[in-house]
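First comes the structure, then the notes that go with it.
Chains here go by letter, A, B, C and D, matching the order in which they are written, and residues are numbered from 1 within each.
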Amino acid sequence: MTPSKRIMTDPRTLSPSLETHVAARDETFLDTNELVINMGPQHPATHGVLRVILRLDGEKVLGLECVIGYLHRGVEKIAENRTYTMFNPYVDRMDYVAAVSNGLGYCEAVEKLLSVEAPPRAQYIRVILTELNRIASHQLWLGTHALDIGAITPLFYTFRDREEILKIFEKYCGARLTTHAFRIGGLQYEAYEGFEKDVKNFISFVKPKIDEYEELLTTNRIWLERTKGVGVISGEDCIALGVTGPVLRASGVKWDIRKAQPYANYKNFEFEIPTGENGDTYDRYIVRMIEMRQALRIIEQAVEGIPEGPIMAKVPKVMKPPVGEVYHSIEAPKGELGYFIVSDGSTQPYRVRVRPPSFVNLQALDIMCRGQLVADVIAVIGTLDIVLGEVDR
Amino acid sequence: MNPNPPVATPFFFYLLAAVMIIGGILVITRKNAVHSALALITTLLAQAGLYLMLYAPFVAGVQIILYAGGIMVLFLFVIMLISIERNLKERQFNHQWLIGIAAAAALGGLFIAVYTTTTQGKVLFPAVGRLSYVESGNTQGIATLLFDRHFGTYMFSFEIASLLLLVAIIGAVVMAKKRI
Amino acid sequence: MIAKLKREYGSGIEPLTHLGQNYMIVDRSLFPEILQILRDAEQFDYCVDITAVHYPKREKQFDVVWVLYSFARNERIRVKTQIADGDSLPSSVSIWATANWLEREVFDMFGIKFDGHPDLKRILLPEGWKGFPLRKDYGILQQDSEWVQINLGIESGQ
Amino acid sequence: MHVINQYILSYLESNQTPGTAGNFLWATIYILLVFVGLSIAVIAMNWLERKILAHMQVRLGPMRVGPHGLLQPIADALKLLLKEDIIPAEADATVFWIAPFIVVLAAFTVFVVVPFGPTHAITDMNIGILFMLGVSSLSVLGIVTAGWASNSHYPLIGALRSSAQMVSYEVAMGLAVVSAIMMTSLSDHGTLSMIGIVEAQLEQGEWFIFKFFPLGLIAFAIFAVAMVAETNRAPFDLPEAESELTAGFHTEYSGFRWSLFFLAEYSAMIAVSSIAVTLWLGGWLRPFPNALKGSGADLAFSLIPGITFLFLAGMCFYNTARMPKHPLFRIQTLGLAGFGVVLAVIGLILFIPPVRVRIQDIFWFSAKVAGFMYLYIWYRGTFPRYRFDQLMKVGWKVLLPTGLALLVLTAIVGMRAELLADLQGAWR
């Protein structure tokens, strides 16, 4: 990658306040051109309480503004008032469809701050659970995304198969969604009896199911027409806008933190980073489908090689990390999930900043939708794979 | 052959005519354009009923499919796009009462004159004459008039009319499109 | 790289490393040139995050932190500056488009103004909310009860 | 007594539709029968759609109200009737009130000319197919006014989409219909009458779908696509696209008014399917009316309706036997068995000779329509939704030119003998 010299999307034109546009509307009698329409916060396709103010020319989108914060719970403020251990369950409530990834990021960040490392056995189980969670997150994305575009059937298929993953989670830690699976320094629970068998069964179960999803969609003419060339974003624009995850990869940038700056023990596993070429909705779909398969590949390797040993590193009962700060990020299903933790030497973090992938990715909605039709806005919101719990925190 | 009691009774005529007139008045008096359009649709449907009374079902069908179902939908389409609030504030009448009344009176006088000269001593609905036209031959009859290897009298004019419509369509496209 | 910058700007830059992560404390006066240089000359083309930390006891109350990443070098760096309450910073939106929402969030949570930001307003909290929640003097149970009462028609949102 | 006899019974021997025979009593009976039958069909369709779609999507669908959720549509209808009837404050109340009635009226009126059998139509109009197209095109008025009267953005956009979509696809639909009508003129004379069209197929010895292969098939395909668009169903369900416009033109409607839209949508689906069946699939004709002639074949085919019902009854009994023996399931088991008994009784009635002869036309017609209904459900389970510009592209750039070319080709192929004669004449 060379630093791009050309001017990318002019940042100043991003998300301008729409009120000015409304005021400047031409007040002639036959003014049929501009329509300002409010989508959400209660709307079936905004995946939660996202409000999008659209400025339309007929059905063509001239610009849009996202209004977020309806689900703001002040997670970062809560962190400052809890101990490191007590805050751990809260991170599950941000990206609640990928709670395991959130937990992994937080635990690793605190471990870094404490300068401890989880033992290998814990690392392997962490990777298995995280990758399972990636598949679950992508499945949920696929189902809802296809539903937004009008195909209702994939939703039920993906939810049926996601159920198997949630069952494994439930058996492992007793919770299905907000798992709180990891502890700082390792794991609290040893893998249950038959965990490996369950995971292996799941792999052989879900492989043909992914083919099944693809059969329904990949070559479906209407699906192709609805997704090809829709919501195109270039790699340069992605980088300028900080967009990460499958969206960035679909735009042709081969970058995955699991490879670039390996955490956990991802460097021990073989897998490929899928990339797209056109950066459109279809490529993002393909990239995520391949990612599911690659995740299976990682799980396969991990489940074969789980070493014996302890699952918890030596961490003090009362955690008082030395004064300092750390930024640690992982590749969550949606993109780069970062934790910036400042410690003042006490039991509570002085400041926890979460760098949420959904929040940053959502910012690209504006330029991805310009010039597209209303129906494409739905497709683009779907393809960005945002979770409002994480956007608003 | 046709044991049906005739539908072309004065009762139905007056009913449909009344509907048409009321509809017509509503079209020009309603301030809300959508209401006007709906009234116009009622008028057109009543007119289709009159065609049926004349044993011209094909014309009635075409009236419904083209005017009520096609053109009026486009009217509504355009009206709906126009902001209603502003529309209501507009003055609908351009205060040409005198000319309007004069024209209406002249037209009414003409009707009365025609009526009195042509139906002297006769009833309005004669039992014989055109009304005995058999319904079941109407559509085929029109087809024969328009196109037949031997009697296709109006073939050329029909095609000319469709050509005119084509010209109108192209004209509309040229005017509407900023860049061709 | 840091050495070069250090040579150029002298005392304005203080490079540090903690737990293997590089960061530098940059003087307020060097903004925004330093960010522009980092992006153009040093290829830090991806602005990961912008955030702030509040130290109420310090004279310069706020640390504003840019987390940057370079695809070419596969390297992260944090740029930090200290400003006092009420001070503003030049916006980095023209350098990284992604700074738009990130700066808005910093403004929303800490009340730090960014000059030249195209649309600086609250992002997560509603317009018209009083107070900046992530400042240390803002209690965890605190809320803008006036706003809540007017807009939601309830006594308290808790 | 004699008068009544003559009035009521003479019709049964007259072999005419009541409209043609001018028999008001029988016309009223037929109208009531069609109305009731249609309502039942809509209810059944509602249940079937939910069940079939559910099974396509690896779920069970309604299971609670009645055995296998058989009473679910009735429960739904009751719920809808009891719901609060909301008229939005800013809505245009009059138009808001009228709109659902326009839609329902248009959807039900078309059944006046639908021929369920050679005499099983309310009336046989000379302009039958034109009447059907014309009246069904009126339903768009209801949708447009509903969207406008709601005074809300989503319904308005839904209504705009709907009107543009329906007007566009009517053109392609009309062209396909004309090509079928041209095929009727190959009998002694062409006709627009629905009964006449089916009789022409009987006379020419083949369904129009196979006529001038592949021209008939293409015309049918055009119609089959256009009719899905006309009825606003998936994948052309943009006017009510849930993920974009919440519910499109009927977003603001609730309770009874909403159920009228629902009723109209399903009866419109049945209506356009009836057109397709009449025009291309031989209407009420049983399979192979010409190839397998004779009383034996007649008898065999006339037994099929009864056998079908007995088969369905058998399925019910089989599942009754499979029901869990838990006391909680007793009512369900009884209900399913009762349903099976009803089906079996209907099946047995269908074996009685006079009934058999009169009903089998209706059976074949309904079976063909049911095939289309299944297609509608299948589409909904399989396809994503088209985008609006793509929908318009399909309508204007694919279906319309194909339809026009098809029309010309059908004319040439149909008149090839005369054309050749003319050419030979010109040559000499």
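We take it that a residue touches a chain if its C-beta (ideal position, glycine included) is under 8 Å from a C-beta of that chain, and two chains touch if they have at least 3 such contacts.
Fair warning: this is a prediction, and the values are worked out from it, not measured in the lab.
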Subject >> Contact-richer chain pair (by C-beta pairs counted) among A-C and A-D >> reply: A-C
**OP:** Just grab the chain with the largest centre-to-centre distance to chain C, centres being mean Cα coordinates.
**Re:** B
**OP:** Indicate the whole-number Å distance between the mean C-alpha point of chain A and the mean C-alpha point of chain B.
**Re:** 61
Subject >> chain C and chain D, separation of their C-alpha mean positions in angstrom >> reply: 64
Subject >> Whole-Å gap separating chain A and chain C, where each centre is the average of the chain's CA atoms >> reply: 23
**OP:** Express in whole angstrom the distance between the two chain centres, defined as the mean CA positions of chain A and chain D.
**Re:** 46
**OP:** Hunt down the residues of chain B that sit against at least two other chains at once, touch-wise.
**Re:** 81
Original post:
Got the chain A residues that touch at least 2 other chains?
Top reply: none
**OP:** Would you mind writing out the residues of chain A in touch with chain D in their complex?
**Re:** 35, 37-38, 43-45, 59, 146-153, 155-157, 160, 216-217, 220, 222-223, 225-226, 373-376, 378
Original post:
Touching chain C in the complex: which residues of chain A?
Top reply: 1-4, 8-9, 11-17, 68-69, 72, 74, 76-78, 80-81, 112-113, 115, 237, 239-243, 253, 255, 260-261, 324-327, 329, 336, 338, 340, 342, 350-351, 353, 355, 359-360, 362-363, 392-393
**OP:** Would you tell me which residues of chain B are touching chain D in their complex?
**Re:** 3-5, 32, 34-35, 38, 41, 57-58, 60-62, 64-65, 68-70, 72-74, 76-77, 80-81, 135-136, 138-140, 143
Original post:
So in the complex, which bits of chain D are touching chain B?
Top reply: 21-22, 92, 94-95, 98, 125-127, 130-131, 133-135, 137-138, 140-141, 144-145, 147-149, 156, 159-160, 163-164, 166-167, 170, 189-190, 192
Original post:
Inside the complex, what are the residues of chain D that reach chain A?
Top reply: 53, 56-59, 153, 157, 234-235, 237-238, 241-244, 246, 380-390
